[in-house]
Each structure stands twice: as structure tokens, then as C-alpha cells.
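Following this line, the structures themselves.
Here chain A shows up in two complexes: once beside chain B, once beside chain C.
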Partner chain A sequence: MKIAVFPPNSLILADMVERRGHEPLVIQKEMRKKVTDPEIDSPPFNITEEEPIKGLKYAAIEVPSGVRGRMAIFGPIIDEAEAAIIMEDAPYGFGCIGCARTNELSMYYLRKRGIPVLEIHYPETREETMEVVNKINTFLDELEKPEETEGSERTGETGKTEVSKLGNEKTKEQGED
Partner chain B sequence: MVKIAQISCGTEYSGVQKEIEKAASTFGAEIIIPEADLDYIDEAYHKFGFNAASSSIRLMIARAMSLAEGKSDADAVFIATCFRCAEGALVRNEVRRFIQQNTNLPVVTYSFTERTKADELFIRMEALSTIVARKSLLAREKQEGLTLGIDSGSTTTKVVLMENNKIIGTGWLPTTDVIASAQEGMDQAFQDTGYKYDDVEGVGVTGYGRLNIGKHLNAALIQEELSVNSKGAVYLAGHQQGEATVLDIGGMDNKVITVNDGIPDNFTMGGICAGASGRFLEITARRLGVDISELGPLALKGDFKKSLLNSYCIVFGIQDLVTSLAAGNTKEDVAAAACLSVAEQVYEQQLQEIDVREPLIQVGGTSLIGGLVEAVSTVLGGMEVIVPENSQHIGAVGAALLVSGLGDRKEFGAKKL
Partner chain C sequence: MSPENNQGSSEDDKVTRMIVLGPKAQLSQSELVSKLHMLELPLTIKATCYGALIYGKEEVVMDAIGQIRDLDPSNIFTKDRGFPPGDPRRCRAKRGAARDGFHQLEKEYELLEYVCDALENPKRVSLKKPEKISPEDFKKIVQECEE
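Coming up: the complex of A and B.
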């Protein structure tokens, strides 16, 4: 399955997804298409004024251009995702796109999609790290089960979201907003 | 090469990074990014004390701290964030203050959209570059020889002929074709002086049309109006030593420049809202059926409290004006309210962005509108506002003064129009 990760440039999350046989959807792949395009020369990302305009699909004109520019890259990833892993409170080195408003909007859109979403917080201890890794692996492995996929399809817009908060685990149904 | 440190958030994702770099390189400057590693970001923003939610904003703070602590080297600072980002606007302003308090670097701030192009940044980058690279030129206090200054503004073209520290001829006319307007302004300035263009030893050009006219004339000095105007202002006001603030409410944009011993050390420019410019007063005068030159005296006779106007947007401002007249308010009261409204907008959009230093020297064509000068003083709590003689020719005087430090124009191969 195509899995969106958040932070959308987290190499660790992308690697974990890939190791379980899924396709990680990350910003680096989108960026690669841009920076290898010989037609554009707007370093460092080859983003031009066109991207913030494309971002209007996700955020209105009164939203700052930096948010819309980011959404022009990450928005299509959200649209394409069949499942997602959201990790909150991650430090910069784990992955980050720099803008808190873009983070809020991206996570909201991922939750709103109605796809399976695993929500976890960045682990602070060895125990928490092991717990988070297990959760991610379990989540990814369960995605492959046919009955889970059928279940998701049956519920239509309603997706199953798991929320793990440093050991304070809970499961909720969402997608009815 | 002048090194301009960029402290910003969102420039890459807004597609304007290239424009910023292009604007800097156009004026012989290079954009550098102050160093800040991951550990330093947390350390710096905790030290700074602003708990920003966005990591790029934290990075801005760390880069500013890096400059202040001497971890990075730069000659000037450009601070920019996305237009309409509240967190960005807060930090942009606080970082500016921080840099000004902790370094001697000239700073300019800007809020951009995806539409921002290099030419909108030219004047800011050129001013930063000038302040650093031509400091000795800006220290000139006396005009020598016979020099010509041309200020090709968005609304009017001003020309001044100076000889041995005295203005001997002036020209003033609305700007149409920039070259033709400059030619006519020069003809006016030379009139009755006994001199002709060939006698002139140096030509300095400033204003929006400076590149075009400067290239055409092969002028020795082609300079943005921030540094030129501030020089002209302190010269005409007889305030070349010490601190001052120069305010120029223009036809298309406004400039506020703080100067120390005649050299600008900080400035802010606005250019998006016509409601905070001389344009609003032009339209007000037209609607009141008076010439713009009559608006000032009219406003001085009125009471702004009787007719509230809000020129935050020029369209709504004119609606307020029409409503106010329909309600029976006098032309005098409406003129006074229009002046106060522009002064309030200038204060809210620009003067509050800068540490205003007394005295405030108001210049440009709008400084001749007495009601506006009084309104500016009112919004600044009664601060002394100086309007020097020839204040409308400020840019041309500054250009004529500065070019006199560059030697004989013939050395530069200057030619006729």
C-alpha cells in the first residue's frame, strides 16, 4: 500500500514502511522530480510562484505563500495515500518541514481522508522506542490483511485510527467530521 | 563583495529565494545564511525567549543569535517572512530589534508573497549594499562645484542645480516619460542660472527612473532614494550630526529612515496600500474640488474629530469621505480627517516598525501639505516635526550633494540627453 508519513520527510519512517513491503510517500521523491527537471532553475527546490498557486487547492489565498507552497508538494501525497503514520513532537533531525501551520493542516487532511492512520508521539526512552517500533510494524503488517482493507472499504469515509501517546494507547473511530 | 545575511522563513517554498539572491547580486552583494546547527537552534531560541511553534521560525531566531554572538560574519541583514503569517510577523520584528540592539549591522525587513520579484527588492538590497560599501561617500556634508541632481519619482520629477553648497536652480513637474520629464526638469533648473548642461561637473540620479535616466546620461551617481533622501534631508534640515528620523510619504510608497551623523542605519518602506500614501490625499483633494496645494491650508482650518475617516483601504477611505460630506461635514473638517487618516496609516504600517528618533524630518511633496505634517506630529504624541526649505526636492538635493564627492563628470564620459 502507499503510506504517507508525517513528518513527510522522515527517512526513518520511510525506511520502516519500506522494510514492511509498502511504498512510502515522502517529500524527497517529489523534490527529486523538481530538482532534476532541467526546465526550471529556482534553487534550492526549484519551487516557483506556480507552487503556492497550486497550493490553493488545499489552503485559501489568505494563507501565507509558504504554507501553500509546502502544500503544493505534500498535498498530492496526502491525496495519493492509502494509509498514514503520523508522528507528533518529533525533533528537527527526525524530519520537519519548518512550518507549524502546514503541520496542522497536513495532519488534519490525513485524518480527514478516512484512510487507516496510526498516530504516535516521538519516543523519549528506550522502552517507548521499542513500543513505537512495534506499533508501527503491527500497523503496517495489519494493512496487508485482506479483511482490514475490505473493512476500510465497507466503512467508506470512516477510517480506523490508532492513537498511541507514550504508552497511553487508545483507539478511536474518526472521519465523520 | 557585500555579504547580506538572510534570516527568513518560507522563501524556498514560496519560490522567492531566487529573486532575493538576484536582487542582492544586482547590487554587488551576496546572500549568506548564518550558521546554526541543530543543537544551537534549541539553545538559541530558549535564550531568545520566544517559544515559536514553527521550526523554521526557531531557525530564524538561531541565525539571528549566531550573528549577534559572532558565530557568523555579515555586513548587513535581510529579514523576511511570509506575508499574512502572524508568527512570522512577530518574530520578524523581534529579530530586527534584537539585531539592532546587539550588532551595528544595517537591517531591512520584508514580508513577501509568491508574487514578489527581484525588482521589488532592488531598492532595499541597493540601500543595504550602499550603506556598507559607500559609507565614506555618505559621510559627505558639503556640496562643491556645479552639480545636478535628478529625482525621478513615481509621481513627480525633481531636478536641482547646486553650486558650492547652494541651490541655484530647481525643476519640478509630473512624471510622464521618464527621460522627457528629466529633460524638461533640467531645462527648468538651468533657466536664469546662466549655466548649461555642459558646464555641469557631476550628475546624480535617484528615484524610480534612476536606472533609465542614469544609463542615458551615463551619470556618475545612480543611487536608490533611501540613502540619497536621508542625506538630502539632514543636509537641508541642517542636522548632519546626531540622530534623526526622515519621513517621506510618497505618491506610491513611504519611507522611514533613521540616520546617525547623516548615514542611514535602518529604514522601512511600505508600498502596498495606497490609503497610506500621498495618492489618497490627491484623490481627497479632487473629491473636495480643490488643488492639492490647497488641501494643507484647508486641513489646518478643520477639526479631524468632527469627520472620522479610515484610509486603511483607499476604496473604503473614499467611501468614508463621501459619507462624511453627505452628512454635512465641512471641507475643512474632511481635509483634516483625511490628513490624520494617512498619518495614522503611516504610523501603524511603518513608524511603529522603527525606533523613531527625534527630530523627525518630513520631506517629499507631501511635506508641503501643512495639515499632514500637523497630523504626523499629532499621531506621534506631539513630536517635533521639521520640514526644511525645499523639502520637496530632497532626493535631487541629496543626489547633487553626493555626486560632488565623485570628481568631474567628464571623467565618467557623461553626455547630453
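Coming up: the complex of A and C.
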């Protein structure tokens, strides 16, 4: 299964997912498309004015272009995800992950997708880390058994309808624009 | 198809992987690099302070990752990287400061020792959140405490 991880550049989360035979959806794969393209329109990276326009699918026009630009990269990960692991309160906030509002929006969309979501907090101690790793492994193992995926920590029983509603509203708004 | 396009498509399917050794790893960075060389796979290998960077075709890179992981499964961690090794846009030598993403790697490295412990002693845990208690039950508990 394709698992979105948040923070999307986390070494621990991506590695855990891969160890259990799933495919982690990480930001580096999206960035690779932007930096290894033979035709780079906007050096040094291929982040062009098209990105904030693509981001309109996820954020309104009033939202800063930085958030929309980031959402253009995070968006495909969110759309592609079949399950997600969200680690909140991660202490690093550098580089492409350094926008708190984008992080909030991405987590919101992942929760609203209606896919199984595991929410954990960034561990600080040995005990917390061991619990987090065990939780991730249990979650990933249970994903392979669809009939048992109704854990109370999963969200999104009504997610699908909400997403479709959101989608309709956005189409209307964009239509008016 | 022009030769340029051919070259472009061959570069497109190349990926970069970071191999990070945990603090309790049974092999050193130089051993890791020599093991990677001994695999004799068509890869670009770069030794780094945390382990190594490998660059090549995706299937070759994944093959190498699988073989290297077997050396010390709970202490070798891997992560994708968008930029090729030594890319001047990211390389520390050209930019003169810590590479983007280094601080995150540094922070996560602190937890790798515990992650390794958890991987070696796996436990099945419940994902259920503790349920809320009813006000009646809560009142009973308060009364019991007051008595």
C-alpha cells in the first residue's frame, strides 16, 4: 500500500513503512521530479509560477503563495495516499517542511481523505520511542487485513462524503473566480 | 528519439538513497562503503559522516539496499533523497553551511538507538484510544477518593 508519512521527509517513518513492505510517499520523490528534469525553467529548482496555480486545488486564492506552492508538491502525495501516519510536534522545521500553515493544511487533508490514519506524537524518551515504533508496526500490519481496520484511532468514517463536499465547494469557488 | 532525450530518460529513472547507520551499528562508515563497492553494482557511492549515499537505477539501488540491510537489519536505516550526490545546489562544500535536511537528520539520529531497541524487541500494542468515562463513574471515583 502507498502510505503517506508526515513529516513527509522523516527518516524513521519512511524506513518503518518500507521495512513492512509498503511504499512510503515522501517529499523527496516529488522534489526529485523538480530538480532532475533536464529542462529547468526556473533554476536552481524547477519551481515556477505554475506551482501556486496548481496549489489552488488545495488552498484558496487568499492563502499565501508560499503555502499554495508547497501544496502543489504535497498535494500529489495526499491524493495518492491509501493510508497515512501523522507524527505531530516534530521538532524540526527546516527546508521544505518549515511552513506551519502548510503542515496544518496537509494534515487536515490527510485526515479528511477517509483513509486509515495513525496519529502519534514525536517521541522524546526511550519508552515513548519504543511505543511509537510498536504502534507504527501494528498499524502497518493491520493494513493488510482490511476487515480489521476499524481501530478507534483511525479517522474518517465520514471522510469520503466530506471530501466530496469540499471538492464541490472548491469547484464552485473556482468557477466564480 | 534524439540522443539527448535518451540520456534524459535514463537519468530520470535514477534515484539517490541515503544509508544511515544507527549508533549501535556493527559496522563503520568505511566498512559500509567497502561492502557497497564489493557488491559490484553500477552505482555511484559517496561516503558520508552518517553512512553513505548511493545513486543509480532504482532497481539496482533497491537491490543494494536489500543486501546492505541484511548486514545489520535493525541498525541500518535508509531514506530517499531528491538531489543526486555532490549536487552543487545542495552540496555543503559549495554552499558553506549545513546541508538542508541535516538538522532533521541530526534530530532523528538521536532516536535511532531507541528505534533499534524497539525493532529488536517487537511488541504488539493496541491502537485503541482510552475510552472516556461517564460523569456518574467519575463522581463515584471522586467520592471514593474523598472518603
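Assume the second predicted complex is superposed on the first by the 138 of 177 C-alpha atoms of A that agree within 3 Å, B and C clash if a C-alpha of one lies under 4 Å from a C-alpha of the other, contacts with A are read in each partner's own complex, and residues count from 1 in each chain.
As a working rule, contacts are C-beta pairs under 8 Å (C-beta built on N, C-alpha and C of every residue); 3 or more make two chains touch, one makes a residue touch a chain.
Since the model is a prediction, treat every value here as computed from it, not as a measurement.
*Asks:* If you count the residues of chain A that each partner touches, which comes out higher, chain B or chain C?
*Replies:* C
*Asks:* Is A:Met107 contacted by the first partner chain B, the second partner chain C, both or neither?
*Replies:* neither
*Asks:* Figure out whether A:Pro44 sits in contact with chain B (first) or chain C (second), or with both, or with neither.
*Replies:* A:Pro44 sits against chain B and chain C alike.
*Asks:* Figure out whether A:Thr129 sits in contact with chain B (first) or chain C (second), or with both, or with neither.
*Replies:* Touch status of A:Thr129: second partner only.
*Asks:* When the two structures are overlaid on chain A, which partner does A:Lys29 contact: first (chain B), second (chain C), both, or neither?
*Replies:* So A:Lys29 only meets chain C here.
*Asks:* Once chain A of both complexes is superposed, is A:Asn137 in touch with chain B (first), chain C (second), both, or neither?
*Replies:* Once the two structures are laid over each other on A, A:Asn137 reaches chain C alone.
*Asks:* By the touch definition at the top of the document, which applies to A:Met1: first (chain B), second (chain C), both, or neither?
*Replies:* neither
*Asks:* Shared contact residues on chain A for chain B and chain C?
*Replies:* Residues common to the chain A contacts of chain C and of chain B are 44-45, 91-92, 96, listed in rising order.
*Asks:* Please output the residues of chain B touching chain A within their complex, sorted ascending.
*Replies:* 9-18, 38, 41, 52-57, 59, 82-85, 87-88, 112-115
*Asks:* What part of chain A is in contact with chain C in the complex they form?
*Replies:* 7, 9-12, 14-15, 18-19, 24, 26-32, 34-36, 38, 44-45, 91-92, 94-97, 118, 123, 125-126, 129-135, 137-139, 142, 151-154
*Asks:* Considering the complex alone, what residue numbers of chain A touch chain B?
*Replies:* On the chain A side, the touching residues are 41-45, 47-53, 62-70, 73, 91-93, 96, 98-101.
*Asks:* In the complex formed with chain A, which residues of chain C make contact?
*Replies:* Of all residues in chain C, those touching chain A are 4, 7-8, 11-12, 14-16, 18, 20, 77-84, 87, 89, 100-101, 103-105, 107-108, 111-112, 114-115, 117-119, 121-129.
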